[in-house]
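This is the structure, below, for whatever I ask next.
Order as written gives the chain letters A, B, C, D and E; numbering starts at 1 within each chain.
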Amino acid sequence: MTLSGPLTFLLQLPLASAAGAADAFLERLPLVARDWVTSWLPEPWRWLVNSLLSIAVILSVFGLLFAYVTLAERKILGRIQNRPGPNRTPIPFTKLRFFGLAQPFADGVKSLTKEDVVPRGADHLLHFLAPVVLLAFSILTFAVIPYGRHLVPVELNAGVLYFFAAGAATELAVFMAGWASRNKYSLLAAMRALAQLISYELPLLLAWVPVVLVAGSLSTTEIVAAQAGWQFNVIPHWHVFTPWGAAGFAIFMIAALAESNRSPFDLPEAESELIAGHLTEYSGFKYALFFMAEYFGMIALSGMAITLFLGGWHAPSPYVEFIPSYVWFMGKLSALLLGFIWIRATFPRLRMDQLTRFAWKFLVPLALINLGNAAFWSLSFHWSGPFQILRWLISVLVVVGPFVLLGRKLSAGVAPRVYRYAV
Amino acid sequence: MLGTGLLQGLGVTAKNFVGSFHDPARLTTIEYPEVKTKLPEAYRNFPFLVTENATDPMGTLRCVACQICEKECPPQCIYIEKSKDKKPDATGKPQLFPAVFAIDTSVCMSCQICVEVCPFEAIKMDQVYEIATTDRFSALLLNREQLAKSNAYYHEIHPTEAAEVDARLAAERKAAEEKAAAAAAAKAAAAAAKASPVAKPPLTA
Amino acid sequence: MSVSDLSALNAQRATPGARVREVHDSFHGDLLEVSMGPHHPSTHGVFRMIVTLDGETIVKLKPVFGYLHRNHEKLGETVTYLGSMPYTDRLDYLSSMTNNWAYALAVEKLAGQAVPERAEYVRVILAELTRLLNHTCLAGFLMQDCGCSGTPLMYAFREREYILDLFESLSGSRMMCNYQRFGGCRVDPSADWLAGAQKLTDRYGTFLDEFETLLTGNEIIMARTQGVGKLSPELAISAGVTGPMLRATGVNYDLRKVDAYGVYPRFDFRVPLGDHGDVYDRYMIRVLEMRESIKILQQALAGLPAGPIMDPKAKLRSFRPKAGEAYGRIEGPKGEIGFYLLSDGSPNPYRYRIRPPSFINLTVLEDMCLGHTVADAVIILGSVDIVLGEVDR
Amino acid sequence: MESPEQIRDRLLARFPGAEISVVTNPGIAAQHSLLLGAAHARAIAEFLRDDPTLKLDQCSNVTGIDWPEKEIVETKNISTPDPANPAAPPKVVEQKTKRLQPGFLEVVYHLYSITHRHGPVIFRLRTGNRTDQATVPSLTPVWRSCEFQEREVFDLFGVTFVGHPDLRRILMWDEFKDHPMRRDYVEPDDYEWEPTPHGAVLEKAKAHYPTPPAPAAVAPVKGAVA
Amino acid sequence: MFKRDSEDCPLSQEVTPPPPAVTEAERDELRRQGILLTSLQELYTWGNSHSVWPLNFGLACCAIEMIAASMAKFDIARFGSEVFRPSPRQADLLIVSGTVTKKMAPQVIRLWNQMPEPKYCIAMGACAISGGPFKQGYNVLKGIDRFIPVDIYIPGCPPRPEALLHGLVQLQKKIQGFKLTGPDAPRHLRDDQPCNCPVPEFGEHDLEPPANPEVWTAPPAIVRKD
């Protein structure tokens, strides 16, 4: 091992930035940094350290993101509710408050030092396994998301399939938690969670099938690559800017809300009905793990939505391409997370039967029609001129028509009322 | 159409979110330990005893230990023991005073009935609310020394009410003085009359 | 408890109410008994329901009371008439002003005490402010039960603070006002206070508009509340249900119109009526009532006469009404709040009885909840508008 | 609305032999009430509810009242003419008779009509005594609103309502034995540190601390509970 | 007599020896380890004091003021405490906000036992401290500290929301003063302190027992004359 490796790397840096956007210095910075670290090591170890480094980076970046998403959620919720939210927690060993940025870490320290209570009648093994399994599967889903032009942790041919397979396993963990706790509320919540997650698995899957159909690949990098470029240098070629893509994105996000147990689909942990649902008997760090896993799930699903519909790491306009791709990814991610929080602050919760009815009678038919719509879209790719307008018209109609009709059916018997007065 | 109500709701929350950055009506928080709410004059928390004079609080208590408040207090949280001897009050009239005056703030319900029934304007409501403590027994039982606060303090927390009370007391005092003066004059006249042999002997001995 | 007990259960049910679908197949397993409360996030305090569930459907619901039984009635016999006044604040602690009024009204009936006109107007103003406060908070709590993450409740409490500021600057306390006296009110509201009340009244409609935009048209809320917890007018009358809950079933019965107490006949207001008697109607009736309250407030503030606030003949200390009994009631925000007083001529009442509206409204809780799910039971309970201080006393 | 006397007369015509009397209210409110005998109470209640002119469809309030037995001292002036001297004014002897008025429990119902918007019509039911005959007929089958209120009267006063579908304790726990709203109820002695005692509490305090401990020498008393 | 509720943290029934006093040598050792220990201790108390999650548990009137304290005007969130957890397993702070009746007391104690250590208790309002205005009632517990240890008392009826915030700040100060070792350590780090409070049973007249002598010690009595 010599010093030459790292040094040559450093010498190459300015040269790298002279090339196109793909090779811009900032764009390559993570790779450069990684290679700089591994260049200190002997060749045979490099692949191992490379993967360990990716894991470490993903865990720390998303761990930090989790911490600050919770803080952002508390602060944004506060702002929406006319109050500032946590802002007084000082940085440890100092008196600096710094807008309460240390708050999530205080919560972390507190959770770590909290007593871990396992109820007497609980299944101890499952009670312990549930949060671990949930967290493990949530983290596994991070492997295939392309975070930047050169940043895909694992290149899989069937990356999308892997993502949803790993994501579906979390249902098991929620049921384990509810079952193992030996608490009636937990059990009810576990039942709810199973019904809900399985119901929404279907629209979630059906929502991304059109993307695969159009992009012609199950690989996440290729799906992102299919969304490159701009129409007239203005409108990006993202899937969300097509009628079927917009519908698919909406369905995907609704299903993602349900899959990640977020309001208005937070039935398993419905506070006003089931105390804390499947989390009722969890305390201390196990509870924190659950919490973390749920946020990880939310982040991963948002990341996948970006990959599938929002052009992945692509910049929205060619004029801002100099900003590195991973920054765009993070920006889009933040926007989607903000949406999650905004929705949580506004909506009440659905009832179980309404929730499943919404999935089976509204989202699934819409997603199926949307699949046909996407097929039409990809078959009619060569239409041009006035036919292009016709193509758009048909496609929009195929999205809006069923939405209105099914929506009317869904909200039958539910309408604002007029009241009479006695004088 | 399905979803319009939901979108309107999102609009309201967005309006509040944006409003919280520029509209004080949408960010109503008082940063409590640093900023404190301006308490209205009428605010009441626990009773205190008014003293005329801050330098000698025990000597100038207005309370004459008549025990009316003790009887009327709904949760019975006042305890008074009358003194054996009398002390002159502000008008110089000898009055009893409370040898023991205790209020159990762990029972008091801040209802202000003691203030309303007090004929001597001696007990009033305080406005201190930062009294959280780790000690239930001794810290929450207020004795005579802890309860006594000066009239100036009373003016500070309830200015309008205190001014009215002072005016009323001054009027009463004046009336009492006039009455005393009149009585003294009558007495003098009576004495003068007694001195004169023609007059009838006074009825009272 | 097994499924076959269901028919027996339905047969036992003395009064006509919802009946539960009876299933006798092996697919449906045993019933699950869940005790909701006394510590439960949405039982509005320490209420407890023992719920028997078939899946998530309620087949039996037994309310359990008494976790906040603070012996108001016993204490009322040991303190003077005046001494009971601050205790009435703590009955329905969201609306102490109307409790005060109901008690003052009963005592005034018992003692034949007259009330000056200005005091009557001030009482109306305070009662309607209390109604605004109570209904706004209720809507917030109901939405919290529906699963909103606090936002409607926060907006409701934001407005509550403005009303509480008024109460505090008038009576000295935010919640426990202890403001009304037999024969009037304790303090005369100043011109500043009245201006503040006027400002609040003028502004409140705008707030309600925004609040309704957030909630009333919301499809999720409509889906959650419409057709849930239906109550028939016959059952409502038989069960002594009063207040907005009764009017939501379509029965036109508002004590402000029926008893015409105070100076209410002088004001022009309407009584909103519902047609379905479900949770949505109960919520909407309250919202519409708030708009009528604003109208009453405008009229009362405009027409407030000058004059004394207390009857000069009223006695504060050594108040001993003649032997006899009296029942006085008013339309509180939750329904008919009444006080029954029995005097034997001593300074303390011989019997002091509170007619708690939300306690009696709970009589029909089981009838409304049967056949619905746990999630519905929570919002049905929320729509009844209970305050445990009054339910258990 | 009809006066209680009119209602009584109509009821007597409808239910011959029923015990109905008017209890006048001496107070200023003058809310007079009807006293019903237990035998016909249920039928009368149904009549009051269904009668088209009364239509008292809402039972607003159910109250229990405890009247413990009390000693009534009646003073009577008995004038006995002097047999020896009939012309003389009769000798007036003040005779005091002590009479033990038996105690009873009373349940008061306040009825209103929502249909006709009138009320209240008040009627009372009385138990035979306060111990073994503390029963009255339940009116829950007539007005549903009596359900919880009668349970409350049962719990706090110990009146047993015959025919109530679910007569259990409602406010106190099931194991509780006493009826706390009765006037002779004695609370459990759970005296604790009372710095401002009065009346009964002062008596308790004295019982717990018969001799005042010297302030300095006193040691913390561990759980001064009886 | 006592009903054991949970065996998660068994209550040592036998007499536990007092904690061994720290010897001088140990003290020196501690001093040498000083920097690590104090920074650990500071981190621990920092985390615990700024992340106090209250239990979403309201009892009576004070609960409304507790809710008001978490609302926009007072915003308990600024202290990191707006996370009102509905399940006792995730809560750190029990705010006893209102009257604890005898019927409710066992449930409150059960909730306290179900909370994991470290846990704190605030008695908010007169009723929770001593029974307050309802002290003489037959169903009212004279202070929750008869059964569970209370860290902060906030008098008032009800205390203003600011008073609750003041109490919370006091509690944070108390937590910041904790030492990880030695006799000043908080309850859960010591062996001689019970971490589970026995739950009383419903008796025929009162709770049995009416107080927990391990937790509650009455102060020297104040004996009044009259």
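The rule is short, and it goes like this: contacts are C-beta pairs under 8 Å (C-beta built on N, C-alpha and C of every residue); 3 or more make two chains touch, one makes a residue touch a chain.
Only a predicted model underlies this, so the values are computations on that prediction, with no experimental measurement involved.
Of all chains in the assembly, those touching chain B and also chain D are C, E. Here the chain-to-chain distance from chain B to chain C, counted in touching steps, is 1. The chain with its Cα centre farthest from the Cα centre of chain C is A. Ranked by how close its C-alpha mean sits to the mean of all protein C-alpha atoms, the top chain is C. Most remote chain with respect to chain B, judged by CA-atom centres, is A. The geometric centre of chain A is 40 Å away from that of chain E, both derived from CA atoms. Each chain gets a centre from the mean of its Cα atoms; for chain A and chain B, those two points are 62 Å apart.
Chain E has its Cα centroid 43 Å from the Cα centroid of chain D. Each chain gets one centre point, the mean of its Cα atoms, and the points for chain C and chain D are 28 Å apart.
The set of chain C residues that touch two or more partner chains comprises 40-41, 66, 69, 71, 74, 86-87, 90, 151, 154-155, 158, 161, 176, 214, 217-220, 222, 392. Residue positions 56, 71-73, 75, 78, 86, 103, 133-134, 136, 138-139, 143, 157, 160, 219, 224, 226 of chain E are each in touch with at least two other chains.
Shared contact sites, meaning residues of chain A that touch two or more other chains, fall at 80-84, 271, 275, 345-347, 411.
Every pair of chains that touch is listed here: A-B, A-C, A-E, B-C, B-D, B-E, C-D, C-E, D-E. Residues 74, 78, 81-90, 92-93, 100, 102-103, 105-120, 271, 275-276, 279-284, 287 of chain A are the ones that touch chain E when the two sit in their complex. Every residue of chain C that touches chain D in the complex is listed here, in rising order: 12, 14-15, 65-66, 69, 71, 73-74, 109-112, 235, 237-242, 251, 253, 258, 321-327, 329, 336, 338, 340, 342-343, 350-351, 353, 355, 359-360, 362-364, 392.
Within the complex formed with chain B, the chain D residues making contact are 193, 195-199, 201.
Put simply, chain E touches chain A in their complex at residues 6-9, 39, 42-44, 46-48, 50-51, 53, 56, 71-73, 75, 77-80, 82, 85-87, 89-90, 92, 114, 116-118, 188.
By the touch rule above, chain C contacts chain A in their complex via residues 32, 34, 40-42, 53, 56, 143-151, 154-155, 158, 214, 216-224, 226-227, 252, 254, 270-276, 280-281, 284-285, 288, 373-376, 378.
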